[in-house]
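Some structures to go through are shown next.
Next come two complexes, and both contain chain A; in the first it sits with chain B, in the second with chain C.
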Partner chain A sequence: MKGYRKYFGKKIVWFLITFAAAILLNFILPRLMPGDPVAAITAKSAQGISDASAAQEIYNHYAEQFGTNEPMYVQFFTYCKNAAKGDFGLSFSQYPRKVSNIIGSALPWTLALQFPAIIVGWIIGNVLGALAAYIRKGFDKVLMPVTLFFSSLPAFGLAVILMIVFAINLKVAPISGGYGYDLIPQLSWKFVRSVFTHYQLPFWSIVLISIGGQAIGMRSMSIYELNADYVKYSRFLGIKDRKIVGYVFRNAMLPQITGLALSIGTMVGGALVSEVIFSYPGLGSTILQAVSNSDYPLLSATTLIITIMVLLASFIVDIIYGFIDPRVKAAQFD
Partner chain B sequence: MGKTILEVRDLKTKYITRFREDVYAVDGVSLKIEEGKSLGIAGESGCGKSTLALSLMGYYFPPLHYISGDIIVDGDNISKMNPDDIRRNILGTEIAYIPQAAMNALNPTQKIIRFIEDVIHVHEPGKTKKEIYEMARARFEELGLPSSVLEKHAVELSGGMKQRTVIAISTILSPKVLIADEPSSALDVTSQKMVIKMLKNLMEKGYIKSMIFITHELPLLYNVTDDIMVMYAGQIVEKGTAKEMVFDPIHPYSKGLMGSIIVPEAGSRDVKLTAIPGTPPNLKKPPAGCRFAERCKYATAECRANLIDSKEFADGRSYRCIYEAEKLREVYGNE
Partner chain C sequence: MKNTIRQVFHSPKFVVGFVIFALMLLMVIIYPIISPGDPLQMISKGSFLKPGVYFSVYDSINTNSKTIDLPEANQKRLANKLSDTDKVSMVQWLTAAGVPAEDIDMEDTTSLIKLWNEKYDPTVKPEGMTMAQRNFYKRLDKSLDNILNEQPLVVSAQNQETQTLDEIKRISDTDYVNLKDVPNVKVLPLGTDNFGDDVLKKLVSATKTSLLIGLIAGSIATLIGLTLGLLAGYLGGFIDDFIMFITNLFTVIPSFVLLILISYSIGQDKRGASTVAIVIGITSWVWTTRSVRSQVISLRNRDHVNLSKLSGHSLTSIIIKDILPYIASYVVMAFILQISTAILAEASLSMIGLGPKTADVSTLGLMMDWAMSYSAHLNGAWWAYFPVILVIALISFSLNLMNTGLDQVFNPTLRD
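Moving on, here comes the complex of A and B:
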């Protein structure tokens, strides 16, 4: 039990250190981008005002509101203090909307798109990979090139292919958006159906790519485990193949769990490509918008979400591994 | 004469390589073990010792294939049985195996007791977990292993402990024949001694009725087994009691093997080490005559031309050489 506590303690300390470093970088990096977004906003509202001092007045007003007139370190502490309360300030690009409000409306779209896609892709990929390793022969010979093809396609490539084939040529799915342009979000059949049809292309563009990567990993892990000495030994003790296959796939799954956790952790960043291509109203599109408008408050907040998710995912993997893999336990707990 | 537990007649098996070539790794091996006896098999790397061990179990999977011969375990000829029946009714209960790489023989993510449950459930499906635990605990303690091992994973055990655990698991169903393939070769001397003691203990207590012990270390066999067989290139070149084989080897290859043993004693640093020159023949195309001829300093054209049959003495000793035993002893004496 002492081993467990020490293991968790160590993991938590590392988690906090990485977290602190991440917050700092999330704050600084967007602010190093060239350009003055406050000036851009000023220019928008000062249109038609020819008086220089009036424009300066407007500029100062905005600078004070965003806090950009303060030195960088003061801004940082204000940022930390407010972020702890869930307040990330006002967005530059969608002024005067609050950053937390923008994220609040985009995040559910991303989660609803990515989470099921990752899980479905992971399950199908692992089952196919395991079957390919176990059956070999024709199944493997067909599956391998196909999965290799999908996993080596860049995400945007597959998304564009799906869009051209299904939305433009076959016209069975809408080209872009999260729901029809002519609809207002509400709980009606029409709206739900529209969301569902808009969901298909981005969903499958993510599923297909993750099936490829997972199947290849699972196949090679399974082949490795199927040739392990414990498999032969178990056979020579008369144990049934069904049981041995159980040992093999349990062991082959272990590294795949890391893969699953990491793709869940990086899903917001991973969403970017397919969301941008399909103009899906999720966090990915929000990030693109924030980058192109030097919207630091929005950018800091979205990258912070990515960082927290990645850190949490790897932290959870570390903890789970301590329980499910006795090799990690033996190496880490004493 | 005791009851014969295992008899093997002219067993031939081969490997089929990925290029569809045949490698005749066990080529006409016959042997017999009586109840309570142990047989050692010695030979250099690649001579077919481990393949023989795998072949003796009667259960083959690629790349190893059965060609011909009989394996008779306590009166039953298992070489004609269907593989599924062998797996269900023979492996683990009649014939048990200790693999060469015992370090990796245990599933790394499974507790020892869970694996023992799986082993016993195949053969005795009705047993409850509690009964199995009690049975395993009693057997482990009797063999000098702490029962706490049962609740551990393989990674938590040292090399010697892992090896002894594997031996205890292999013999938990009290098999008639135990085939131990280099069970102590990868261990330090202390662990080695414990493993040997454990195997002897199993024999004495009657948990196993006979044992085949495979190793490349001849002095070890002299201490452990009753009889010794020397293998070369898939064939048995000489067979005899442990004492005969160590102190009076007849076949030039056995003689060479004994000569390669280094005994630490005064002056042994200055003695030039003798090794048998050359390498074993390629078993994809075994030579027509004596397989050892290429490396034998006494070989003649006749040796290379014709297949050499085994010569057998009345007391069961046999060797595979064209020369008379007396002649060879005389030659060795003069060297």
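Moving on, here comes the complex of A and C:
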């Protein structure tokens, strides 16, 4: 176990550094936007007030509440301090609702939708890719162009097609939302069933998209490994084919796991747009809402949460990788 | 070089991808020549006109008509007017009157009407049918007759002086005009979109813009990635550490998030197509950097590079003459991939409202975004979004196919 400490320590330090960079970027970038968002919401609530000093009063009130009257670095430290407590300030568009409250209600939907979908897509993709590499011939000839085409489809394109076919034409699934319009979120059998039926289309659209890329990557890796010298040597030694295949796929899996850690970010990006198509009440729809209302506290908090989600996910995959890859273990004994 | 190109064109995957891509390019170049005009011009009032041929009713009235007698004309006219509920009622009567079910075909309206005219008899009282229902069928039968009353239609114009209507022309149901004689005919192969723009024309111009975005973004990303990768890999030491630190940082921070934040901070007004392309370019170079660096590291200590170093060649000449040729194939492949991811990134960005400004240009993502926000998919207006998805898919499919083909040529272990 002692050997692992260095590996994990390195990973944790790296995680903290990226985390700090992410917070900094999230704070700075939205605030570079030209125009004063506080002025915009003052204009909205000061409509019809002709008295300039009264309007100024309202402006100052809002500026104080959002903290925009302080210098940048003070704002940053307040931001960090509050963010650590889970307080991201007030939303501009849904004033006076708290940003953390909006995100809190969207986050479970995204988590429950995306991570299972990405993992299922990853597993199916790898199995298909491995089979294509092992069987070759007919299966490979058919599967490869099909997966290539699927991975070429934009995530939202597939989402729209699934919606048209299954929700609008076949009417086997609901068109949009996370649960029926006529229901209130509660723990009843009816609600759970409604959530489940609404879950299907977004889920499968993400799964189908992630299958493509994974299958192609796994196929190349497996073919590479199948041609490696150790496979030929094992064959000379007369080791059973089944056992060799086991070795091959274990070796081919390793880069795929790293690949998963590195591509989770891209996958989440695509999946967020799928959410928008299905009006799924997750973070994707929250981003859309924040963008269309120029609500930067909401936008920056949402992107921060997404970044943290992705960082954590790749951190976890890295940790798992450390346990699986024998080379990591071997390196510790040097 | 020549040999490599010949080899590349022997790969069937590359050729298929190349042909699809070339056809798209050709379409983008040729179509605006055939059908000139501003793609963002609103030509229809009202949104989502169905695809088809539109010809001026005004002109066709004023065109010389010929008489053509077609036996099926009336039945077709009826079929067009008959609603689905009426058809269901007719089928119900016919079944009640004892017509065998296999003779009745709901889908074929013409034959249904023929059958109705043969069998319907107002005096027959099918079992279990109330008086009100029988009267309903009488009215239905009468309305069918009314559609076919064969009275000519009268076209009139208002007299400016007397304000009375003067008859200009009578149109009988056997009058036909030749479409070639009608001066104003508009073919809308893909209908119109929510703004009333010609979808096909807009699609072609959007494809062009999106390809340009892909090209600009891809070039920027490849250039940054290549430069950083070469520097990091060849120089090593502190520069390598520093570049790799930045690269690793941006590998884990999702580029989609960066894209959202940067596009948002640029602001709606300043976000033209080229700005979006640049933003996409500067957020997607990390993968190129990583792979170029690792390849350069393996090349750095080869004999021919060391020999060049000993002969006193400059850094730039070593990189250009001794290293670049070895990684060129890889860089081309990375570039192709960058183009397709950039086009997808633009589309995704537009879907959440952070795409280029709508007023100036149309891009594939913007077309998709507008179609979705006017719920084209719920109105059955497939022509507003499906061609867009297809074009995006075809572009990235062809680019991916070319890439796989190249991969098989340059990476012999993957060959079949």
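As a convention for this text, the second predicted complex is superposed on the first by the 279 of 334 C-alpha atoms of A that agree within 3 Å, B and C clash if a C-alpha of one lies under 4 Å from a C-alpha of the other, contacts with A are read in each partner's own complex, and residues count from 1 in each chain.
In this text, a residue touches a chain if its C-beta (ideal position, glycine included) is under 8 Å from a C-beta of that chain, and two chains touch if they have at least 3 such contacts.
This is a predicted model, so every value here is computed, not measured.
Ranking chain B and chain C by residues of chain A touched puts C first. Of the two partner chains placed around the shared chain by superposition, neither chain B nor chain C is touched by A:Val99. Shared-chain residue A:Leu201: touches no atom of chain B or chain C. Of the two partner chains placed by superposition, A:Leu162 touches none, neither chain B nor chain C. Residues 228-230, 232-240, 243, 247, 250-251, 254, 324-327, 329-330 of chain A are the ones touching chain B in the complex. Residue ranges of chain B in contact with chain A, taken from their complex: 57, 59, 61, 87-88, 90-93, 96-97, 99, 101, 104-110, 115, 118-119, 122-123, 153, 155-156, 166, 169-170.
Residue ranges of chain C in contact with chain A, taken from their complex: 248-249, 251-262, 264-267, 270, 340, 344, 347-348, 351-354, 368, 372, 377-378, 380, 382, 385, 389, 392-394, 396-397, 400-401, 404, 407, 413-414, 416. On chain A, the positions that touch chain C within their shared complex are 14, 17-18, 21-22, 25-26, 29-35, 136, 144, 148-149, 151-157, 160-161, 163-164, 168, 175, 216, 220, 223-224, 227, 262, 264-266, 268-270, 272-273, 276-277, 284, 287-288, 291-292, 296, 299-300, 303, 306-307, 310-311, 314.
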